[in-house]
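Next up: the structures, one after another.
In the two assemblies presented below, chain A is common to both, partnered first by chain B and then by chain C.
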Partner chain A sequence: MIVFEYVAEALFYGFVALTFMGGFMAIRSKMLMHAVLGLAVALFGVAGLYFYLGSPFLTMMQILIYVGAVCIIIVLGVMIGNTPDQLAAKKQERKNLPLALVTCSVAFIGLFVAMILRTHFTAASERVGDMSIRFVGENLLYQYCLAFELISVILLTAIIGAIILARDGREEKTS
Partner chain B sequence: MMISSNLNTYLIIAAVLLVIGLYGMVQHRSLIGILISSEFILNGAALNFMAFNHFVAPNPAVGQIYALFIMGIAAAEAAIAISMIIAVYRKYQSEDPEELQDMKM
Partner chain C sequence: MEIFNSLLPELIRIVVCAVCGAVIVFGNALVMGYAERKLAGRIMLRPGPMEVGFHGLYQLVVDGLKLMGKQLVIPVNADKPLYMLAPLLAFAPVFVPLLVLPFSEKIQGFDLDIGMLVILAFASINVLAILIGGWSSNNKYSLFGAIRSVAQNVAYEIPMLISLLAIVFMTNTFSLKEIAAAQSPVWFVVIQPLAFLIYIVAMVAETNRAPFDLPEAESELTAGFHTEYSGMSFSLFVLGEYANMFIVCSVATVFFLGGSSGIPLPFFEYTGIVWFLMKVYLLMFFLVWIRWTYPRTRFDQLMNFCWKYLIPFSLVNLLITVVMVKLV
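And then the complex of A and B:
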């Protein structure tokens, strides 16, 4: 049985590598299509990490909502970006690179040293319930009903807002 | 002790996701790139929720509910942001943040 633990551990490293490589691809590639592909790979890696955190339900939701829906929406937006030959003509210089590096290293070192390593997190003395979908559903509809209703209203507002925003310019152009 | 059953591992991965998002937001030259980077920041937050949910929290459903909440927020945000970018592109014929100087539509 110890073999399976090592296999699981190796798969964990694989998911972490997927996350980081996807992230690197998303921020360093010049073509937006490659960036969206990197985002999808990284989100898939994070879905694997959710599985290791004991929630197969969130793994499925991550793949369904993020990789399936959000990435597709972003691909729709890529249509209005520059084509590869336009990019070559534009010759993008990365002016903000030193600023970006300083910001990110300060943020990471601040988080890493000041918060993560110096804090001792103690586990709760007793846990109620389990990680099952049934327990999540009961909590979502009884105790955390507000979150459920709030996300419904937000999604409805977002849909109406997106339709109005995207339609406005088109009406101006035709009239 | 296995590294996959340690709270700090997940916190560090979430911190790296946050930093990836920050870096992408600062240096990307298009609005879509900035939107992609913001998804990394949201994912880092959701991973933090799930890590604390698994190792620390007394009720193991709360972290999952809030991770689902973040997913809904991200989906709504992506839809709104894409339609805003399309509206801006109609007006300016560009999606480079440096060319969008005046706010008058």
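And then the complex of A and C:
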């Protein structure tokens, strides 16, 4: 059984590496398309981390919604939006690079240390349930019902807004 | 030795699952490739492949060898890493859903309580592969095919999910095994005929097959998203498509046609898998049949049909199901 533990451990670090690699790709790549695919890789890695947190349900939802739907919509937007390659490949000017580096690192370290010092760390709570679909559903609809409904309202608003925007565009073209 | 003994059953299980998955994917592609060409021939009043072997039985083997020997052409302006990645991404995820499909009461890789979600999640990666392939080819036809594929797949995923949800509401579980077991007296196709119809239509659209094969409409886009692909990278797309057909037909079988239930055959202990495969291949035959019988729809008709008919009807169906489940 020990072997399986090693395999599991290795896979965990694999997912962590995947997340960071995807994130790095998303930030650093020159082409917008590569950046979005980096985002997809990072989200897939996060899905793996959810699995290690003991929630296969969340893992599948992450893949279904973020990798399978959100990323695809973003990619479609990028493809239709047409980013000129010259713009993507243009080098940014680096006049004040040392100054920027010093400022950013000082600010980051300062904020980070302040955050660590001020946070009141509590011990991690125990796992509260078996994270099965039944458990997740009951929690969503009993304990967090208000949040759940509010999110639904926000989504509904977004859909209505999208329909209104799309309708206007179509009428303009026909007239 | 003790470690080895405790490891062994799990290891055997993993190896058997992997081998069976590969056998299903490749065997299914061989059978369906041959059946499709033969049926297409019969429907068009011509014999189909006849030259290689008895009635062209070895045609697909020869074709496979030919495709493996072909050169992989990469267009000059293509995005090379993504161009090579796309066929793999279309092919690799099809193995995961095979692990959770209940081929009979006894033959199943893993029985997860989220079986249905696993299938839907990994099926959605296929769209990403088509998109990457179409974009990285740097070809107008490929790009159009990819854009159509995304619009189509994202739209048809919704009625597919909602029609399956009606079944989930009735059975109270996402586990495919329990859903198959829940329809022992009557199959759900009798109780939920509308959901079945909606699922069948969405299934054809999700696998990008005629009459909804707009992503590769050869009359207008040469070959759609895989215009630039050749040799094995093209055949990986085809293998992925056939495997996806198998998966969606299996899901239809599990959700609506009673899974592996059937009259027990006296001479064979694992009767379930025979019935299961018979139902799956009946549905696949149906897919091939309508592909070679009906003309391709126009794209706006396709989208209108989904958003204006399928989604409202599936929602109404879901609502009625909820009320009935509450009342009964």
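One rule holds for everything that comes next: the second predicted complex is superposed on the first by the 114 of 175 C-alpha atoms of A that agree within 3 Å, B and C clash if a C-alpha of one lies under 4 Å from a C-alpha of the other, contacts with A are read in each partner's own complex, and residues count from 1 in each chain.
To be clear about the criterion, contacts are C-beta pairs under 8 Å (C-beta built on N, C-alpha and C of every residue); 3 or more make two chains touch, one makes a residue touch a chain.
As the structure is a computational prediction, the values presented were derived from the model and not from experiment.
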Partner chain in contact with A:F12 - chain B first, chain C second, else both or neither: first
Which superposed partner A:G54 touches (first chain B, second chain C, both, neither): first
Touching partner for A:M21 - first (chain B), second (chain C), both, neither: neither
Touching partner for A:I73 - first (chain B), second (chain C), both, neither: both
Which superposed partner A:A35 touches (first chain B, second chain C, both, neither): first
Touched partner set for A:A166, first chain B, second chain C, both or neither: first
Dominant contact partner of chain A by residue count, chain C or chain B: B
Touching partner for A:A107 - first (chain B), second (chain C), both, neither: first
Touching both chain B and chain C, residues of chain A: 57, 61, 69, 73, 76, 80
Complex interface listing, chain C residues touching chain A: 3, 6-7, 10, 79, 82, 112-114, 117-118, 120-122, 124-125, 127-128, 131-132, 135, 143, 146-147, 150-151, 154, 157, 174
Residues of chain A defined as touching chain C within the complex: 1-4, 31, 33-34, 37, 40, 56-57, 60-61, 63-64, 67-69, 71-73, 75-76, 79-80, 132-133
In the complex with chain A, residue positions of chain B that touch it: 2-4, 7-8, 10-13, 15-20, 22-24, 26-30, 32-33, 35-37, 39-40, 43, 46-47, 50-62, 64-69, 71-80, 82-87, 89-91, 95
Interfacial residue positions of chain A with respect to chain B in the complex: 5, 8-9, 12, 16, 19-20, 23-24, 26-27, 32, 35-36, 39, 42-43, 46, 49-50, 52-55, 57-58, 61-62, 65-66, 69-70, 73-74, 76-78, 80-82, 92, 94, 96-97, 99-101, 103-104, 107-108, 111-112, 116-117, 121-131, 135-136, 138-140, 144, 147, 150-151, 154-155, 157-159, 161-163, 165-166, 168-170, 173
